[in-house]
Amino acid sequence: MRRSLLLAIAAGISLFSAEARAQSRTRLTVYTALENEQLAPYKAAAERAVPGIEIAWVRDSTGVITARLLAERANPRADMVWGLSVFSLLSLESQDMLEPYTPQGASALRPNMRSAREPMTWTGMDAYVAAICFNRVVAQQRGLPRPSSWADLLNPAFRGQVVMPNPASSGTGFLTMAGWIGSMGEAPAWTYMTGLHENIQLYTHSGSAPCNNAARGEYAAGISFDMRSVTLRNQGAPIDIIIPTDGVGFDLEATAIMRGTRNLEAARRLADWTVSREANEAYGRFFALLAHPDASASVPNYPADFAQRLVSQDFAGLSARREELLREWTRRFDGKSAPR
Amino acid sequence: MDAPLRRQIRPALSYLRLSAIGKRHGAFQALRGVELSVAEGEFLCLLGPSGCGKTTLLRAIAGLDPPSEGRIEQAGRDITALPPAARDFGIVFQSYALFPNLTAAANITYGLRGGAWPRARRQARLEELLALVGLAEHAGKYPAQLSGGQQQRVAIARALAASPGLLLLDEPLAALDAVVRHRLRAEIRALQQRLRITTIMVTHDQEEALAVADRIAVMNQGRIEQLGSPEELYLRPATGFVAGFIGRASQFRAMVEAPGLLRLGGLSLRAAMDLPAGAAARGFIRPEDVLPDPQGMPARIRAIAFEGPVCRLQLALPELVLEAEWPPAAVAGLAPGAEIRIALPRVLAFADG
Amino acid sequence: MAEPVRPVLPADQKIMLAGLAVALVFLAAALVLPLGFLLVRAFQDAQGGFVGLANVAQYLSTPSLAASVVNSLWTAALVTLVVVPLAFTYAYALTRSCIPLRLLFRAVMLLPVLAPSLLPALSLVYLFGNQGFLRGALMGAPLQGPVGIVLAQCVACFPHAAMILAVALSAADARLFEAAASLRAGRWRILATVTLPGARGGLASAAVVVFTLVVTDFGIPKVIGGNFPVLATEVYKQVVGQQNFNMGAVVGLILLLPALAAYGFDRWANAAQESVFSGRAVPYTPRPRTGRDLPLFVFCCAIAGLLLAVVGMAVWGSFIQFWPWNLALTLDNYDFGRFDPAGWSSLGNSLVFAALTAGLGTGVIFLVAWLLERGPRLPALSGPLRFLAAVPLAVPGLVLGLAYILFFNAPWNPLGVMYGTLGILVLNSLVHFYTVCHLTAVTAIRQLDPEFESVSASLGVPVWVTFWRVTLPICLPAILEIAAYLFMSAMTTVSAVIFLYGPDTKPASVAVVHMDETGQVSAAAAMAVVLLGLNLAVKLAQLGLGAALGRGMQRWRRR
């Protein structure tokens, strides 16, 4: 009786103590918003290329991971962030939460896809863009034309058939709005959104929901980001991924070392690898536009002129104005969001 | 202090002594200046209307809700501040509080634990108690399988199990129907007589108190109004409250005309009282103190009810209505509406208000 | 005037008093301090400077606020009005009638809490969505919006209300019914004068719980609420959408208000509630009566059928290729390794986490409830404790999760060793689900004769002996109920733990959310179904154990 009690206590202690799992390899806690299917290949490739490290992922949606990082600020738990929106990293940077370090070889990255600081605070991996998930079956049922540009979504035929993420709840929503502002200019962008509002059935709270909804045939068009759409189409959803021709906003997935990490040396070695051409080619299995100019993307189904459709995006400027833009958006569209 | 209150103190025999007991619940004074002394082996009833403080007093004696002030001595020991477990009593609650998941036997032996109660001794005591309350064949039953009377006997056996010096009963008969109640109160009295255990019972039923108690403490508004034997309370109530609460009586309001004389409209009545002339008084006349008397005052019969050994009459005088109890023989030939003459040899009167 | 009496406190009372103090310290550390840490941010700017009421003022000027307050209140009121009478009738049928299949109905009623909230939401889409099987049934009203919220909340809240009411109705004094019947009271009169007043406390608690759950839940509005703004999604918008903790704290504060009102209501309604289960009480055993049993049976079949349909729909969804385009059946969705790097291992985490939560939580919660109900009366301790026990219900999981990070991850906090371990998940869930369990425990304990402890004291028996020999056995059904509830809640919870799990402690419920976000709906449904199956097994074990106890230990309930 007493013996089994002791055993139970011992088991309890080991359960509650992360220290008990100490291993010979350096364990790096990496926070990420990467997709589930990217985690295993990235981890395998990195652990193969960087000896002596082990990656322990904490994965969640961009908003949740960013909120966690900010809440943990007083005592950071993450050693690194690998695969998080650059908007989030800029917000961490502004609070001085990123460890300045220029990974070896980072200067080879496209200049607009890495930190401008010296030493760098973050390095880009790839770009993902706002896209339209368009359900062919629903379109046929309702006789909707296939849109090829943002402007096409203003067609009254789409009334009640468009879903987009609420920019105040979702990073994807903000990225989409930022793209419109970048390509159209600010005033025309608000005019456009006012027109689009007439056709929008729902502003969802999560960035992936619009595409998921379109894939299930709830609505014809979901504004989301490209990566999401690819996964769904591979599962057999009758959706087309439309990257509008009139300019799309994009966001970067990026990497950074957290200030206060207890494994700085190992984190630096991993950061070195994340900017390598080998790593970029791993990203290239999922994304078309990579930070490393020499790496080639192997992901199918992207238009050839993909890179030209991206608007020039001033990440730092948008990040600074984020609160102001969201307040304006909320004032215009959120208060009267009673369903039609 | 009133004469009857002074008579109570019999120091040599006093087993439980309460002095200057007060209990406050916030602004509400539940008990005030209670003095009480209970002799060893005595059966005392705390009697009063609901809210008079009788249960509060019992719980103070038990230590369940200690008094705010005063002193309680049991068998010469000051127990005022002691927790219940350090006192020496058994208690039966109105609800009995039997443990529903334990058998009658397990309920009874619940307190018989520890080194002092080895298995054999406990078993012997259980059998003794079961025999005492006559439940031997029900020992294995659960409370829900027992009748109300049987449940009460289990509760009493449980309270008596460790042979306490004091038995406290909190309205033990209140939840039973009339027939069972009559039988059980006799049983309780018989049991108490057999064990000679000092017993304090709380009740609001004066008939019950008169039937079982050696002495009764009548309580009202947190005080003891009068303490005495049933006969004393009945025959010589100390206050109007006691006179009205104990036994039957016709009540009326009157003025004191002169010492010993009440004036009620056109009627003058001799009364035993201590009130000055001009005072307002409340008068009480027991039914057995209304006597037929050819020389008496006239009264009209309103109703006659035959109740076996007695007949109950309602008599109307111009100033008041009286109740009388006469043997059937005295009523023979009378009918409602008839005029008779009566005497009122004993009228009790107390200050009104 | 005599000397005031200073009663000597016996050892057992002293220990109980110490227990109350420990409970207060525990709830302070696990609830008040973390929440305080977060809520104080409502009065700070992003840099931590004090700004007074500026955030509140700014938030109050937000256009969507008025709408979200009104929306939250009316949807919560509507759901309460629908759910409480239905749950009462259902619980009444389970406890006060002789309908067949009661054990089955008891299990089915809990289905919605057995599964992550994704399952009912998914079913509603499959049934009433634009491609749904019954898409005409809503007569053109869009599912995503208030309709979806009310439907899904009704399903989600039904088990909570039914559970509280079943406990409240399970103890009844047969003598009251016999007395009423002997006074020739009609059946409806008995219902109105005996049954309903007897369950008044339970009814109030059920209403409060449902109302508060609807106001604070953000999972359902997030998934199926469309852009219908409610208070809980405002928190989500501020915290997850914009990482604005200060505004999130402001909304969190506002969310506490309706819940505080509900707490006051509950206290008021329960104040006069007396114990109905004295030692002398005769347990009520219903006798068959067709006029009552048949309609109740039909009613239970309808409700159970509805719940089964909702859950069954999602179970079916876990076996299909891709809804609604490819309905071929497959087992591939259960090969979790394909969708989530953690694969099946997150289920192992969930099992350990849920078992620890149930084990520790049941002990702590029941003990504290008992100390409060039967311990020494010291309002300075019991008042705050009662209040704190009611607060967790009003705290959205999101707010609690964030509060836990801020408090437990503070560098100076020695409790920080728990951070990132299962321990913090357990503590967080214990606190998160505290209130409903506390109410269940209190309801069960109040049904015991209040003099049990007095009798023990008079017999010189320490109070814990009576706790062990009498209170625990009588309350065992309620205790099992609490344990099962905690287990099931921990298995399905998302909102708080999503901020707290570490690299090795990701629970399956979080994996479900991740798979759903990735669009792998069928896989998400599949893992939700596995959770449902495990919970169902636990629930059936609890019911079976309860039934066995009913035959053995609880013979005394029978006349």
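Per-chain residue numbering starts at 1, and chain names A, B and C are given in the order in which the chains are listed.
One rule holds in what follows: a residue touches a chain if its C-beta (ideal position, glycine included) is under 8 Å from a C-beta of that chain, and two chains touch if they have at least 3 such contacts.
None of the values given here were measured: they were computed from a predicted structure.
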Highest-count interface - the chain pair sharing the most C-beta contacts: A-C
Furthest chain, CA centroid comparison against chain C: B
Centre distance in Å when chain A and chain C are each reduced to the mean of their C-alpha atoms: 34
Chain B and chain C, separation of their C-alpha mean positions in angstrom: 51
Geometric centre distance via CA averages, chain B-chain A, whole Å: 84
Partner chain B, residues of chain C touching it in the complex: 1-10, 13, 277-283, 449, 451-452, 454-462, 465-466, 469-470, 473-474, 553-559
Sites on chain A touched by chain C in the complex: 15-18, 21, 29, 35-37, 39-40, 43, 56-61, 63-64, 66-68, 70-72, 74-75, 77, 88, 91, 137-138, 166, 168-171, 201-206, 208, 211-212, 215-219, 228, 231-232, 235-238, 322-323, 326, 330-331, 334-340
Residues of chain C defined as touching chain A within the complex: 62-64, 67, 125, 129-131, 142, 144-146, 222, 226-229, 233, 236-237, 239-245, 321-326, 339-341, 352, 402, 405-406, 409-411, 416-423, 498-499, 501-504, 506, 510, 514-521
Touch list for chain B against partner chain C, complex: 19-20, 22, 62-64, 66-71, 80-86, 89-91, 93, 95-102, 110-111, 113, 142-145, 148, 151, 158-159, 161-162, 168, 175
